[in-house]
């Protein structure tokens, strides 16, 4: 069965990225397919490359990246939500003349259409809210 | 009179940074002193240099920076809260071997002690919660 | 059409879920939704009899919420299986 | 000792504020706290008579909340003046 | 079954961006020519209040965005009656083009759509 | 008046970091040797539940942090009675070293401190 997952909370202010990761691992373990991951609202903070969680807590941004790359998942970060929150890739940093960029490898910045597209192409959309 | 202001919400998920800025401007206009600004919890996102708000909304991170620099305010970003959320200066980026840094000029990363210190040295502490 | 409803907070998300739930649907409490098992005026008692109530084990355990006997305690594998068994998943947060 | 309480949401912040408020204190509704003026079972009616109730003009206007006559509508300058006039400011959020 | 989308928006308009980000999703869905319904529940019904003047806060005016919905084929906004009652809101204080769903109508209404997205 | 601090913590322990960040503030305040009280209200009282096992979620165990408070001179945790009642919590389910403040006791309790910080 085809799943799409949407994540709307940040690692630091919500359990959403962690619940979604647990769920995603179980989806893959049961032989189902994840056709789209979509990070929206504060969920875009999951994709920052420069967070440094305290040593007594797991590093969720890193765990997500490893999982995405291992399973070659289609991981989309909403570009409008990301820009307003300061999560940008090199192309956007250059476009807006920002000093730096911080999007992790494995993620792609794209439009909200990818959330709708994922919802329609999947058999199930599961949203992890903030 | 001496004021300390604490900001706990991010520009994108709370009105706190904007309410606090309006309040801070009124404090200065009335001839009072702001002895400490402290950005904690999601409030640390106010200090990122690489956010790009949409054109139909004000650029609060930029407005805060201009205000801080114009009035030479003591603006502290909680270092623990900032590290876990991916807001880092050059020194922390080097310490943790992160790819980049994104703290705006005008802010200083420091410990939670600066919040307590600000609360005790000010006549009034005003907290803008998320 | 059967829907699986997830609830990750008590308060508004639980109240809205109860308004959207239909005969034969299931409700799964996750994250802070597990506190709904404690509250004195329990909203979950308004759940229709033919709806199943589940709670996610890791989230209840993390919060020290002790579980009444009538509730089905499940893990993420079961959560995925429930999502497969229902026609839709609605998340209340 | 007089305290100025700010409330930026209805729900829990307003409820906790009402439990912490003392004779002679003031309450200022800001941000989503201004919706407290609309709710049908108004919590603010539990405010003691000798407490003053204020609302921040920009936040009420932004949300389209019309203001009852008995409430004091203020701007940020008055907010600062209130903070000066009270001994402490407590923020409920 | 041909596809249709129900966008459920449950947040007040201005503290965070969730309400705006739900409206953006509704507009994108409708602009793909997918039949799209917008359903307001809980604090989401505050988006309907008339007379919102947002020039002094750093947020886009959502009232203005609601006016635009018909241009995208979203002719009415569905609203949960109980949420209005809980908040003491009367229809005359609200945006005009709304359809109120009474207690018990919500489950069937949501099920009429092939996908429901909560915000 | 000599300084003292009341830390008011109103959030449940694990969804966000607000509860942890309030405890951090209490520990910092106490470690500066400022007389410090910790007051739990609203969903903050959920921090007191016994038997929290957090190894499967990405959060530090706050129960364990509460155990550490006496080492910093915070011998008891003040708790709002009404918040316990609203949530159906009984004292036997909770962390031991607590002092319950009944209805009407909160205003005076908070005023005894020169500064109160809400989280």
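Letters A, B, C, D, E and F mark the chains in the order given here, with residues in each chain numbered from 1 onward.
Note that a contact is a pair of C-beta atoms (placed from the backbone, for glycine too) under 8 Å apart; a residue touches a chain by one contact, two chains touch by 3 or more.
Given the structure is predicted, the values throughout are model-derived calculations rather than measurements.
Here the chain-to-chain distance from subunit E to subunit F, counted in touching steps, is 2.
Looking at subunit B and subunit D, the chains in contact with each of them are E, F.
At the interface between subunit A and subunit B, over half of the residue numbers involved are used by both copies, so each side presents largely the same positions. The two chains most heavily joined by C-beta contacts are A-B. Ranking all chains by how far their C-alpha centres lie from the centre of subunit E, first place goes to F. Distance from the centre of subunit D peaks at A, each centre being the average of the chain's Cα atoms. Mean C-alpha position of subunit A lies 39 Å from that of subunit D. Remark: subunit D and subunit F have CA centroids separated by 25 Å (rounded to whole angstrom).
Averaged C-alpha coordinates give centres for subunit D and subunit E that are 28 Å from one another.
For the pair subunit B and subunit E, the distance between C-alpha centroids works out to 34 Å. Counting only residues that touch two or more partner chains, subunit C has 8, 31, 58-59, 88, 91-93. Multi-chain contact residues of subunit F, defined as those touching 2 or more other chains: 14-15, 17-18, 43, 57, 59, 115, 118. Those residues of subunit A in touch with two or more other chains are numbered 8, 11-13, 15, 41, 53-54, 57, 80-81, 84, 125, 127, 129-130. Every residue of subunit F that touches subunit D in the complex is listed here, in rising order: 8, 10, 41-43, 80, 82, 103, 106-108, 110-111, 115-116, 118. On subunit F, the positions that touch subunit C within their shared complex are 12-15, 43, 46, 49-54, 56-57, 59, 63, 85-89, 93. Interface of subunit A with subunit F (complex): residues 11-15, 18, 53-54, 56-58, 60. Interface residues of subunit F, counted against subunit A in their complex, comprise 14-18, 57-60.
Considering their complex, residues 1, 3, 12-13, 15-16, 19-22, 25, 88, 90-93 of subunit C touch subunit E.
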